[in-house]
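Alright, structures below, take your time with them.
Common to both upcoming complexes is chain A, partnered first by chain B, then by chain C.
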Partner chain A sequence: MIFMSPYETPFYFIVFGIAVAPLGLLLFFGKKRLWYQCALTVFFLYMSFGGARYKQGIALAAYLIFQTALATAYFKYRQKHNAAPVFIIATLLAVLPLALVKLSPVLSESLSAAGFLGISYLTFRSVQVVVETRDGLIKEFGPLRYVLFLTFFPAISAGPIDRYRRFSGELFAPPGPDRYAELVGQGIQHIFMGFLYNYIIAHLLGHMLLPLVKEYVLSGGGFLGILYYMYVYSLYLFFDFAGYSKFAIGAACLMGYDIPPNFNKPFSSGNIKEFWNRWHMTLSFWFRDYVYMRLMLFFLKKKVFKSKVAASNLAYFALFLLMGLWHGITWYYIAYGLYHAAMICLTDAWLRFKKKHKDGLPHGRFTRALSVVITFHAVCAGFLIFSGFLNELSERM
Partner chain B sequence: MMETKETVLDILEEITGTDEVRENPDLDLFGEGILDSLGVVQFLVELEARCGVSVPASEFDRSRWATPRDIADRAAEWAQ
Partner chain C sequence: MSAKRKLLSAVLPLMIAFALVAGAFLLAFGGVGISEQRLNTAASSLSELIIKGESVKNHGAEHPNYVLFCGSSELRRFDPFHPSVLAEKYQRWYRPFLLGTAGTQSMIHFLALQSVGDGLSGQRAVFIISPQWFQDEGLDEGSFDEFFSPIQVFEWICEDDADPVSRVYFAKRMLAFELVRQDGLLNGVFEKIAAGKTADRSEMIRCRDRLYALSAEDRLFGNFFAESHRGAIRAHMKRLPDVYDADRLDNLAFQIGERESGNNEFQIQNRYYTDRIKLRLKFFKGRQKEVSYDKSPEYGDFQLVLNEIAKNKMDVLFIIPPVNQRWAEYIGLSKDMYLRFEAKIREQLLAQGFDRILDLSRQGGEPYFMQDPTHLGWRGWVAIDRAVKPFLEEEPARGPEYKIDPYYFSDEWCGKVVSE
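Right, the complex of A and B next:
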């Protein structure tokens, strides 16, 4: 048995292709066998979490048992009752394993044993199910489909973060031969774009160019050097992650699933708000729907703030602070979160100003281009904070 | 049902501050930057206050609630 992480080497794709072929053949005849998908899931989980990583495998198994018990219990409870404290406890319990792992550097190193590759992405899915159960939107729930949703292996380690109701629909209904043929076409295209993005461009930028730029900055490259580093690192981050997402989406297509996109030309955004609708979309939509909108609903319904703008700005800070902490409890991740919160509040203020003075402001192709350039630089400055390079630099000085 | 749809348009007009939402029922509200997350929350709160229709925030999928017409239709469905 060869053990490897998802999409780690081109060999993964060969194994994937062979293992998924019978599933694809069935789908071409409009058929679906759930047991085969279960077998595939076990096989690929074993490949990524077995061998030298068996401890992660145990943590994953424990996590799945815990979350399935929690979601089942809450679903059963919710059919008859709907108390707010129970919902809050269920949500906190769903977050607990991830919180413990993230807090392990401050609390106790031993807690990190509960971690495994992709725990945060599974947690986003777990929390979503609890929230939508509360909203009464999840009408059908079963432990098997829940586990298959959490462990959908093409997207297990870094998303895209799917939605339970959408996934559930596709799990039981095969796409039909014509639609599946379309998905295969798209899937192959995604995977090859992924090779270009992740294996070629990101590799050149991250593993060949970035070390050189780093050397240049450390040998006294000054401000210009830091600027180079910022550009190269930002582009590397995009191609690496967008490439990975393309692999996940392409692999899902080959299995007959049309999972949501994660990137939509983020560097063409005209402002920070637009950027978050185009960058790591499933994550930012998750934070939008389950943090920002929930908080805002609470604030507006209970009339906590006189000003809607103040409420919204506070909710943005909560969202981005949480997103920063999720990346890790390090000052530069927290700074990254606060930076984006400040940026989005400023953007909102600017958009309100623009709305009021619609006729007085120039508006055309040139202003659009200018806004794209400014947004690109604001975003890259954020990535520079995120990279931790400034931290490294200050320590060297 | 017509009543709900009418109220939906009233609310949208108030929140967005433009009568375009009435004039063009197929306006791409999010694409045009007319409505955003804050606007959606305001809309949901108002809808509940005025029509007694409570739509969960997680139900508001932007691809299905994209235009004034969509929003009116979906809200009317939830009113039933």
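Right, the complex of A and C next:
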């Protein structure tokens, strides 16, 4: 048996292509065999979490049992009752495994044994199901489809973060020959773009150029060196992650699923808000819907703040602090979160100012270009904090 | 458009692409030859593709008119006295085949040499050992990533003819690098070898498949290096006298060195000084007080190279270059420490019968010997030629007797501080 992480090498795609071909043929003839998808899932999970990584495999299995039991129990409970404390406990329980793993450096190293590749993304999905169950949006629930949703292997390790209701719909309704033929075209296109992004551009930037730049800065490259590092790292991050998302989306297409996009030309954004609507979209939409909106609703309902602006700003800080903490309990991830929170609040203030002084401000192609350039640099500065390189630099100095 | 046509138009381009790639690889099984002229360019190209690749490097190593000059960044310091220039100018029987560039330390050389295989048997070579390789961490992750050559590693695995000690040592070292650990197959194989076991049959089959594909790729693209220093070599040749005379060359090197390093007190080449040091001079002061070459995994890696040389009964001239003394004093690099390094590497060589050593370690204060802080230049190259010329031109090749001692792979040796 060959063990490898999703999309680790081109060879993964060969295995994937062969394994998925029968499913593709079935889909093309308008049939859907759920058992085949189950078998595929087991096979690919074993490939990624078996062998030397068997401990992760055990953690994953335990995680799935726990989350499925939790979601099933809460769904059943919600059909009859709707108490807030139960909802809060269910949500906290859904986050608990991830929180323990993330806090393991602080609490106890042994907790990290509960972790596995992709635990964050599975948690985003499970929390979503709990929240939408509470909202009464999820009307149908079954353990099998829930597990298939959580472990949808093309997107298991790094997203995109799909939505349960959307996925569930596609799970039971085959796309039909016409639609599937289109999906195959898109899938191949996505995967090959992924090759370009991830295997070629990100490799050149991250593995060839970045070490050289790093060496240059550490041997005293000064401010210009750091700037250079910032650009290379930011572009590397984009091509690496966007390429990865393209693999996931492409692979999902070949299986007949149209999962949501994760990147939409993020560096063409005119401000930070727009950036978060274009960068790691499924994650920022998740945070928007389940953190920001919930907090806003809570603040306004309970009249915690008089002004909407203050409520929104606080919600932003909570959102980005949480996102920072999610990346890891390290000062630069937290700084990264606070930085983006500050940026987005400033952006909001600027947008309000612009609205008031509509006529006084120039507006045109040039200002748009200028705002794109400024946003790009603000974003890259954030990635520089995120990279932890400043940390390394300060330790060496 | 009907669904069938849609599907066909989606899949057909993919099929055509696969067919084209397969065709290209099949074509490569016949082998794509390399012309003498191209080999000549390759010999002084220094492109990382040469040391990582197979067909071009092996062709050069086996060719009767080329002698391997293994080293690192100093090979790039072309001036009139560079070995490639002297060999060309004075029409010697050999041309140096330069192997190495900044960051190619012992491990990279070992991989490159072992992949040549029998072609090295009985050959002569020159090997320049850089003291800077022997720092605490040895070969760093970045350089490894840059020069890591899967084809050479798979060749090592498939050949599987290393002695038990070096076999385990090599596997453990490979597992120290992220890039190797990330590769599921390599990780599995090396974990087994490091534990003293052998890889599974199925793993070996997969290794052979990978090697097969990588070899085809190498034959197709190995020739695609772009870097050439032929122009520089020809230009430098013009500055040399027509008749070879080592003393005259030494004088000329002195004059040129004097002229080209006037803007600083360290006798560092002007351009290097202006570009890399001038603005940050203060930054460097006392900067390397803590640097030590005493303990390093590099000593074990270097033993792999010695092993390979002994296995092929090669006759090798080892060069221990000095450091620029004026500069070393400024940055606080300890002279005692440097001499301890020299004593240690000498011991490792001599104790195992590698007695052809050109030890320049005490000449770092000679005027115009070093072109910059760490690289030989001008008179340093002339000094090397004084040893290289007799070695390659006057003495007959000998069949040296080496006594390889696995002790030099041990942590004990790597971590030992040898007194001068």
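The rule we apply is simple: the second predicted complex is superposed on the first by the 397 of 397 C-alpha atoms of A that agree within 3 Å, B and C clash if a C-alpha of one lies under 4 Å from a C-alpha of the other, contacts with A are read in each partner's own complex, and residues count from 1 in each chain.
Here is the rule we go by: a residue touches a chain if its C-beta (ideal position, glycine included) is under 8 Å from a C-beta of that chain, and two chains touch if they have at least 3 such contacts.
Computed from a predicted structure; not experimentally measured.
Once the complexes are laid over each other on chain A, chain B and chain C both fit without any clash.
When the two structures are aligned on the shared chain, A:T367 is found in touch with neither chain B nor chain C.
Looking at the shared chain after the overlay, A:K355 reaches chain B, while chain C stays out of its contact range. When the two structures are aligned on the shared chain, A:E182 is found in touch with chain C, with no touch to chain B. When both complexes are overlaid on chain A, the residue A:V131 reaches chain B alone and has no touch with chain C. By the document's definition of touching, of the two partners only chain C reaches A:G222; chain B does not. After superposition on chain A, the vertex angle at the CA centre of chain A, spanning the CA centres of chain B and chain C, is 150 degrees to the nearest 10.
In the overlay built on the shared chain, the residue A:S108 is in contact with neither chain B nor chain C. In the superposition on chain A, contact of A:L297 is made with chain B only, not with chain C.
Remark: least CA distance from chain B to chain C after fitting both complexes onto chain A is 27 Å. Partner chain A is touched in their complex by these residues of chain B: 17, 33, 36-38, 40-42, 44-45, 56-60. Those residues of chain A that touch chain C in the shared complex are 2-5, 8-9, 28, 51-52, 177-178, 180-182, 184-185, 188, 207-208, 211-212, 214-215, 220, 222. Residue ranges on chain C touching chain A, taken from their complex, read 3-4, 6-7, 9-11, 13-14, 141-143, 145-146, 182-185, 187-188, 191, 206, 280, 283-284.
Against chain B, in their complex, chain A makes its touches with residues 128, 131-132, 135-137, 273, 288-290, 292-294, 296-297, 300-301, 308, 312, 348, 351, 355.
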